[in-house]
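The two complexes that follow have subunit A in common; it is paired with subunit B in the first and with subunit C in the second.
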Partner chain A sequence: MTDAIVREEPPPPARQGIQLGQLVRSLEVDTRQLGMIGLLAVIWIGFNIASNGNFITARNLWNLSVQSASIGIMATGMVLIIVSRNIDLSVGSVLGFVGYTMAILQAEWIPNALGLGFDQPYTWIVTVLVGLVLGAFIGGVQGVIIAYGGVPSFIVTLGGLLVWRGLIFRYAQGQSMGPMDSTYQLLGGGPRGAMGDVLSWALALLACAGIAYTMWAGRRRRRRYGFPLRPMWAEVVVGGVSMAAVLGVVWVFNSYAWPPSLATQYAVEHGITEPPGGLIIATGVAFPVVIMLGVGLVMTYIATRRRFGRYVYAIGGNPEAAELGGINVRRTITLTFVLMGMLCAVSAAVQTARLNLAVTGLGVQNELDVISAAVIGGTSFAGGIGTIPGAILGAVVMQSLRSGMAMINVDSPTQDIVVGAVLVTAVGVDAWLRRRSGS
Partner chain B sequence: MQIRRLAALVGAAAVIVTACSTGGGTAAPSGGGGADCTVGVSWNNYQEERWAKWDEPAIKAALDAVGAKYVSNDAKSSAETQASNVENLITQGADVVIILAQDGEAIKPAVAAAIADGVPVIAYDRLIEDPAALYITFDNVLVGKLQAEALLKVKDSGNFIVMKGNSADANADFLREGMVQAGLPPAGESNDKLKNVGESYTDNWDPSIAQTQMEQFLTANNNAIDIAFVENDGMAGGVIAALEAQGLAGKVPVSGQDGDAPALNRVAKGTQTVDVWKDARLLGKSAGEAAVQLCANKDIKAVSGVGTFKSPGGNDMTSILLTPQAITKDNLNVVVDAGWISKETLCQGVAAGSVAVCG
Partner chain C sequence: MTTMAAEHRSTTDRPPVPLVELRDIRVAFGGVHAVDGVTVDLYPGEVVGLVGGNGAGKSTLIRTLSGAHAADSGQILINGEPVAISNPRDAKALGIETIYQTLALADNIDAAGNMFLGRELRTRMGSLDDAAMESATRNVMGRLNPKFKNFKTAVKSLSGGQRQSVAIARAIHFNARVLIMDEPTAALGPAETAQVRELVAQLKTEGLGIFLISHDIHDVFDLADRISVMLQGRLVGTVNKHDVTKDEVLGMIIMGKKPGEVTEKDIAKLHG
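Showing the complex of A and B:
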């Protein structure tokens, strides 16, 4: 440990170009993710101009965050699936099946069949737990057939896409199911389904503390194992920018006040006399977004810090080597599908709560959005490459395109054309850049 | 190896047989009967609840009233099976055939053959592009007209949006056409009272897409939307969820159709203005009655109540277009009395005294 190589300073630059490159390299930021943030900025500014300044507003960005949540949650699981050289085409149907089951549970079974009545305090938690177990079970069944049965994941999940959708039609008989439990509805967002300003700031400060701790712990670990350290100025820049971003996002969400008529409703419900300018209630981070961020954090931890996650990447990098290296490939693959099933259940809760309704077509074609989000976020079909934050960013990019076009009155068939073209272009440019940089 | 493959085949066959044997068994040739009229019905997929629950009893009742015979079979969602099913019905002695088409194109040869045999054909609910067949359905243009009329009655001026169904579905445009008949400006246009601030097709009639679309319309117009013309109940659910998040549910009139339980509940709560309801039993009844008339006289133009319908394929179809019913807060008793929805489901969460039928 004494001969640890501590390289605080970058080697002297030879030319201007290299100097800039090295500066970026010392920051150790993912340039692909930087590129994606750049793309996002271009999309946002473009739509803001096209919509006469309606796009980059607190209200719209808040909307965008809620609209991205469901796909973002599932995309984090899809990363691990694709990284291990598999695919899951069934996520939309699994979401629909689990979502419909959760809806029927709270709108029919608990209140009517069991006679316990509507809007019980435990309804939402029972519903979500049943959904999670069901999602894990469905994922487990598919995973076992793929990993132990040796049937390609494309086929198994293509079958799943048909089977689970068919089962919804069979037991829903074309009927919609709703409305949802009043507490459960909060999972879907809306001004009432958000944290408010105080909790949101607390969350932001917690996140900043988390960033500081992670960076400090990372630096200590590197020193212990004798890895090169990031120069101090780079640490400050990266940490400062991350914290500023967190605080900025929360500030934007907090500056979106409750819609006036909803605030009036609230005032009446709580017996508050409204001040002359109307009651101003800060909305804060919406619950589905909190869920997405929580899922993203946990999944990142699993993917990068847990043995299971590292195994997934090892399998994706070279399945034979992983097997020979003593990794239980079958078990690991099965677990990725179990995880995916549970994430489908989480998204199902968010979607049905948000819509306050379950329909037989719930989640149709979501598999395409989820796979697109993961792929735009830098996950490679060759296996072994992909990040969780990238996938969430990919979901935001996709949703920005859709919401922006909806705002300027481009209807959904045209939206599909644009999203499809952007998907292929983004991945094409990425592949080209990767070839050029020779990595 | 051979044996293993055989075993796999047998296994697969067993799965298929088990899967198939759970359903079906609907062919029910009724014996005896005095009248000399036999009506055959070819269902495309009898396992869907609606046909067994609403349509078939209504057809049977209309036939029983005059002592006509009823035979039927089920194509189990297969267009090929349905073609041979139609032949089977004629072999069984059907004088008239009612077809709920699985595929309006694929069934055409079988329909032409039946008509050539002197057996009149009724296209039930779904269009079969053969002008020699009698087409009985609900008037979708009228559905759109009823939706728009109900909304315009509540609010006849201001900013409006139109949430249309799937762009590939002709019904989306029929509905929009009906709205124009009720006085709404055509797609993309405004007049001096009604300003079009947003209009969109919706992939798969998907409520989630409709919700996002509505959120964006509201944001782009800073909530200045006064009327929301929505083509069906599912999308109305999405639109109302978006309005609810802005505290506007119940303040902006919204339309729908289908008689979905959650939508009727919203009508009772006052967040949805109108739900246009197509009573399947009315469809079954008129098809049964038309079939009986065709037994006596094979000329489809002589059936009472027929008109001409210009089909998307350019054919002048002899048709009976049934009138759908607009359900609003004032006549919710209609759906309860009809047994379409239970009072508990309809009235869940409805404030006491606000709706007559809920008490």
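Showing the complex of A and C:
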């Protein structure tokens, strides 16, 4: 025991793999995230072969991005919930309840009850704001019961799952609610609900500038304090690969053109004479995907650069230490649920806008997809471990499996079996790797 | 005997008011009186050893001072002024720092994150200033444990001694006036134990008051100026180290007898 404590140097690494190991260490990249990207590549290539080249197409990848958005948005919040050793089983029902309320607001209350009419310019803003406040309130109620009432989050949110779903049926009377405001509909994606090529390229360049600035600022800061710096070649590799990825994704989305019939309709609406071969309109990044990326960015900032995020991770690592460190544990836990409720509202907007309708079954079983996405993305139920980008990648992995299997005509029960097996396998392999690396 | 001289010296050097006084503290869990009307005090530049067997109530008593647990009744005075300590933040604001036996580290966070836990440095934008925190941590660690190099890894993967350094660094970095050390050497090897002893001696000369909780009588005899003994939630007594023998203190710990009351027979029994 004594010897183990006194010895400060780590044991020399095994001969084999030193080169690769050192390479990866110099790059300072998250190896788990690299592994996930590898898994995603395997899934995509596999489905592409099985579907005779129909999977890796601009059209399918664009659809995949839109389908992943709603779960990805909520998964970023679920990471913080699970990291702090809690769980939220109510997200699907909260999404349904908030989504239904937002639908009534824009289809009944604003136009009819208040007599303001349909498609007002402010309708979508008011609706989204009301949704966010309602989501925050619902999350806050559940969070207070958990943090201050001392009722386990599993129980509170299991109750919430039933209560909020029950309330939808209460006031929906089994009816669907629609249609949505015309601007609001854009939040759901679709060819019109996308940025187009010019704005998409602008967004990509902005992202590249952001990557470069972040790396430069980080390097300058480390130099100012005289800390060891990452070798220049590693900076160039990491920065170059990140920027290439951003530009590549945007290029794919921009090469997906509007369907011909829609392009024709657009040409007629705008009095454009269609050129021979039809009007080609690039779709670009869909709005729900923009929302997901924005949410991911903000949530990553909150999780890694803000005090609140640090506290969430500290609570997950050692709740007693967090308390003794003077952290207000109860308030922090409550806030994670408030945040989760607001993210449910964002996803509710995306889903109702996409369907152009709120149905009573809105969001059913979403909690399972959201939790799976977070967990496949490396969030640990032991607490204290998990990343926002990982969870978004997890959502894409889940959606890739589902849409890939649908493409090659795998029936729905078999899809469930595969997704279930993948979930357990992914977490099992992850736990095994963690034990082996001893971290 | 040197006892008279020692006592004389220590009493004349003292300021009139103790740095910390815990007065008639009571803590009960259910019907059990974990701490039952205990009064102890601590002067600047002094180490008071708090000893007693398992369940004597020494940790519970001291947790009321570090804000981890509120007392049911009693008073805490700092420099003679009554203060209210209802959580760890209150204690830290008063310059009371604690090194817990469990170290109280968040295992998934690095050394700097743990050192500033609850007191993070922030940039003008309100973001965490990780570079400034790492820099400060490197400075403190340079003095405390120069071999410490793992600033980027979660403290989970550090050795026991390194983890202890992080916990100590956290306690001394924020200009503590009062330091509480709960079993500081229990998990350490001889080399680190020696380091901790040196540190205690150095902090004493800097004028800190130190409560040292230990069940190791030898540790306490080496480091403490006075020794307060607890048994079953009550204070048996507080003695000047130079006035007593280890056997007499053992008699207090085990039998609850004051030094004068311990007989030859008792001592024979202590040595089994």
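Throughout what follows, the second predicted complex is superposed on the first by the 421 of 439 C-alpha atoms of A that agree within 3 Å, B and C clash if a C-alpha of one lies under 4 Å from a C-alpha of the other, contacts with A are read in each partner's own complex, and residues count from 1 in each chain.
Going forward, contacts are C-beta pairs under 8 Å (C-beta built on N, C-alpha and C of every residue); 3 or more make two chains touch, one makes a residue touch a chain.
Just so we're clear, the structure is a prediction, and the values are computed from it rather than from any experiment.
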Q.
I'd like to know which partner A:F118 touches here: subunit B for first, subunit C for second, both or neither.
A. first
Q | In the superposition, subunit B vs subunit C on subunit A residues touched | A | B
(Q) Quick check for you: in the superposed arrangement, does A:G428 touch first (subunit B), second (subunit C), both or neither? (A) neither
Q | Contacts of A:Q67 with subunit B and subunit C, given as first, second, both or neither | A | first
Q.
Quick check on the superposed pair: does A:G166 touch subunit B, subunit C, both, or neither? Answer first, second, both or neither.
A. neither
Q.
Just checking: does A:P152 make contact with subunit B only, subunit C only, both, or neither of them? Give me first, second, both or neither.
A. neither
(Q) So in the superposed three-chain picture, is A:A314 touching just subunit B, just subunit C, both, or none of them (first/second/both/neither)? (A) second
Q. Touching subunit C in the complex: which residues of subunit A?
A. 1-8, 221-222, 224-225, 227, 301, 304-307, 310, 313-314, 316-318, 320-327, 384-385, 438-439
(Q) Quick check: in the complex, which residue numbers of subunit B touch subunit A? (A) 47-50, 167, 198-209, 211-213, 215-217, 219-220, 223, 233-234, 237-238, 240-241, 244-248, 251, 260-263, 265, 344, 348-349
**Q.** subunit B contact footprint on subunit A (complex, rising order)
**A.** 51, 54, 57, 59-60, 63, 67, 112, 118, 170, 173-179, 189-191, 258-265, 351, 354-357, 359, 361-362, 364-365, 402-403, 406-409, 411-413, 416
Q. Which positions of subunit C touch subunit A when the two form their complex?
A. 66, 68, 87-89, 92, 98, 100, 102-109, 113-114, 117-120, 122, 126-128, 131-132, 134-135, 147-149, 154, 156-157, 159-162, 188-192
